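Chain IDs A, B, C and D follow the sequence of writing; residue 1 opens each chain.
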Amino acid sequence: MIAFNDVTKRYPGGHEALKHVSFKLPAGEMAFLTGHSGAGKSTLLKLIVVIERATQGQVVVNEQNLTRLPRRKLPRFRRQIGVVFQDHKLLPEQTVFENVALPLVVSGYSPKDTPRRVRAALDKVGLLGKEAMFPLMLSGGEQQRVGIARAVVTRPSILLADEPTGNVDAAMSDDIMDLFRLFNQVGTTVLVATHELRHIERLGKPVLCLDDGYLVDRPADQWID
Amino acid sequence: MMGIWWTARRTSGLINYLKNNFRVFVRSTAQLTRPAGGAIMTVVAIGITLALPALLYVVTDNIDQLGRNWETRAQVNLFLVKNVENPAALQARLQSLKEIDRIDAVSPDQGLSDFKKYSGFARASDLLDANPLPWTLVVHFTREHSNIEAVQRFIDRAAQLPEVDNVRSDVLWLKRLTAVVEIGHRLVWVLAILLGLAVVVIISNTVRLAILSRTHEIEVIKLIGGTDRFIRRPFLYQGFVQGALGAVTAVLLTTICIEALREPITGLVGEYGSGYRLVGLSWTNAGVLFALGSGLGWVASRWSVGRHLKDIEP
Amino acid sequence: MMGIWWTARRTSGLINYLKNNFRVFVRSTAQLTRPAGGAIMTVVAIGITLALPALLYVVTDNIDQLGRNWETRAQVNLFLVKNVENPAALQARLQSLKEIDRIDAVSPDQGLSDFKKYSGFARASDLLDANPLPWTLVVHFTREHSNIEAVQRFIDRAAQLPEVDNVRSDVLWLKRLTAVVEIGHRLVWVLAILLGLAVVVIISNTVRLAILSRTHEIEVIKLIGGTDRFIRRPFLYQGFVQGALGAVTAVLLTTICIEALREPITGLVGEYGSGYRLVGLSWTNAGVLFALGSGLGWVASRWSVGRHLKDIEP
Amino acid sequence: MIAFNDVTKRYPGGHEALKHVSFKLPAGEMAFLTGHSGAGKSTLLKLIVVIERATQGQVVVNEQNLTRLPRRKLPRFRRQIGVVFQDHKLLPEQTVFENVALPLVVSGYSPKDTPRRVRAALDKVGLLGKEAMFPLMLSGGEQQRVGIARAVVTRPSILLADEPTGNVDAAMSDDIMDLFRLFNQVGTTVLVATHELRHIERLGKPVLCLDDGYLVDRPADQWID
């Protein structure tokens, strides 16, 4: 469950990236997040993972009020959430296998189970066979898919994805969205930020649309091509 | 590149816990040996820094040793009055004092021949009709009591004795030596503090830069749910290993320096036929150095990583 | 974080060139003062490392100074034959030798009273019928010639003179002192090499880590068409500035240490009433240290950046 | 002018990212480069900027045979080319202004002219007013546009763009492609790698299509949505 209650985020420079945003995504639901470049999509996702804290208003995730979550409770909280970052955030000096295994290692999963799980995750994004490579040896789309594998490897209760298909072709893009829908079908709460309205139409899921920090009812005309 | 390895922090069972720690340890260490991993430079820097106080220690140790061979023991000459024919009684009495190591009684005849030898007036003193010299007691102090206060106290008391005509001592020489030793000790302190500071600064600076070059990684692991402790661990191991290897380097460097100095020094000192041998770094001291190096490595890493982890948000 | 600034490498005119260089210089320096920029640590590390040889230098300088106050100058006593009534001619002849600083002529009467004072046999020597002592020449050597070879050569020649009955010298004391000074010099050498190495290693290690944390930036600038020289420049300035600031820190540290030692040392040494004053770091030496620090900073940066730039492909 | 003559690129691991690729893009022309994720698009662009060297065959750019170009001549060569990187490659510790000014600084342009030029480039990508911000304060799409501004600021004779619209919305994406066409109209050789077939259709420029390292005549059926 993700709930925003009149949330405003003002960055140190003074720019308000989110303005009085309120919405509720019940547990087990899936939704898209869209809006023009700079509308505040990534900022909204960052508030959920507590990369940034709301300037005003409440963010509640899985019954936890994030405005009051102390620093030392952050690690355990974050382990419930899988995140696909817009800039991938892979570790360049660790192999693909190690990168994907990292959330398991961090959460203290049994090392015996790790290889099987990692391979299953890599298989889902079509990267089996690239385990031993380093991220800088991968193409942009492959890196993005490693990021997706890492986000889902722990089977988190919440899955956030920030522009997960920006670097892949149409077919792969569809596969990835289908993967997210599959996760949603087995109970994961999914929130995907994307520019590709095609997916929104295809999957028929609810849409949160941001326009210059405000949550608006539907994509403005200009976003429909 | 200097690599940092993260593996599981918490798993079921102690064995697994130890296994995991061991794995992090091994991999952190392995990173140091990678050809590209010029971390060897850091180890050398720490090694040299640690070698300096070690060398300093060895030097003072040797000065001590030398001092024991040269006349650092205080000596007082008691010239007895002319009518004492046999000083054995007095000698026995004084011998019982705790500050006295040994007393040599020099007879007037012995004294005269010594005097001849010393002064070179062999012919001149032949002119003497009678031996004008009295019995002399040469009092050697123990090493522990070879300080100005004890000697002065003894001199004052000896002067009161009826058997004693005159007291002579080399207090000036003793004073000088005391001064030199005193200055040496102060210098060792100052240098030791400076060098200890240098080791801490160098190690924590290294860790700081290592963390700086890993900012991105640390950030990612934080975002994935890694605790500070999990992130810190490989840095601590790396600090520990660097400190330990630095200590080993220090032991090697110190030994090499000492061996380079051994031949000329024993050569020079040997001219006086003294039984002096250059003292090296003992096994105990090498152990202390090792403990110090790895301990400092750990502590400096802990301090530095703690300070800089906070800088990396969120 | 330690920042590196790149600005234009080549523009029209010398003025612009200098302006640009100055701008890079100022910005590289400014980075060091940023609160987050714990580069101060590096400066302190370099400062301590440079302070050690400086302190070492000052110490040997002071030992030299002390030596000049204490009896380090060789002294040879020439006992003339009994029938020489006036040694002035011989004295004048010897005085012309370049190794001799000063000659004191001691008359037989003077000698006897000295002997009385020295030996404490005031009463005993009253028994002598006649003064058995001859004229004595106390020959003081110049500092430069106070070495065993020169003294031995003089002794050999003096022994041949018909006027001379006997030659006595304190060669043993001189030998010992020479040995100590010799060992000291070797030690200074060893330490100086170690410390020089430490400075180079520390600075180049720092630059290495600084480059490591900027790999991404360097790569980007290379891709945009930046030459190696362009990339190198801010690192060189940073190395230079760190070295220079390190040298300033070293001067401060050395001065603080010396001032901490001044009072006790002059107190101790002063007991002998000698005119000795603790010598500090001279302006010239501070200048040398500054040049050395900034030079080493530059050279170590140049070396390290050159080595590591190649590692960053393409 | 960009000419590939039977170029094969084998990466150290043994993977052949390009296989016997031959084509010629005359000076002043514009073309698209497309293909599935991992097909070799980025690799092809990297060969042109000499980030990688061809294992076999010749790459000739602006009359220079890159297989024989010595290392020390690289900087001057690269200044003729503006590149929009797939992962932006901005300097995180320099402001947007400094990032965009960097190619001017590196090439030794007159410092007097720099501010005007930088502002003109930023204006073109809709980022005027963000000069003083640092890249990490920008949204993904904004970062991408800073990368574009930096690529065009020196008005290079060749412009390469690797997925320049992966992080921006449809409207912005069109604007960017129009900007590239504009550059092409004033004489710049332009090569754009993209997954968005929409642009290819809209602009009607020639297409280089890669499939698993081979240059194929037209996009395989699966790439058409």
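Keep this in mind: a residue touches a chain if its C-beta (ideal position, glycine included) is under 8 Å from a C-beta of that chain, and two chains touch if they have at least 3 such contacts.
As the structure is a prediction and not an experimental result, all values here were calculated from the model.
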Which chain has its C-alpha centroid farthest away from the centroid of chain A? C
Centre-of-Cα separation between chain C and chain A, whole angstrom: 65
Can you give the whole-Å distance between the Cα centres of chain B and chain C? 22
Chain A to chain D, mean C-alpha position gap in Å, rounds to 28
How many angstrom between the C-alpha centroids of chain B and chain A? 61
Residues in chain A with touches to at least two other chains are numbered none
Among all residues of chain C, those touching at least two other chains are 1
Can you tell me, using the touch rule above, whether these chains form a line, ring, star, complete graph or other shape? ring
State which pairs of chains touch, listing all of them. A-B, A-D, B-C, C-D
Looking at the complex, which residues from chain C come into contact with chain B? 1-2, 36, 38, 41-42, 44-45, 48-49, 51-52, 55, 59, 70, 79, 82, 115, 119-121, 123-125, 127-130, 132-134, 165-168, 172, 175-176, 179, 182-183, 186-187, 190-191, 194-195, 197-198, 201-202, 204-206, 208-210, 212-213, 215, 253, 257, 260-261, 264-265, 268-269, 271-272, 311
Interface with chain B, chain A side, in the complex: residues 49-52, 74-79, 83, 85, 89-93, 102-103, 105-111, 150
Can you list the chain C residues touching chain D in their complex? 1, 3, 6-12, 16, 20, 216-217, 219-227, 230, 314
Quick check: in the complex, which residue numbers of chain D touch chain A? 11, 13, 35-38, 41-42, 86-87, 133, 137-142, 145, 162-163, 166-173, 195, 197-198, 222-223, 225
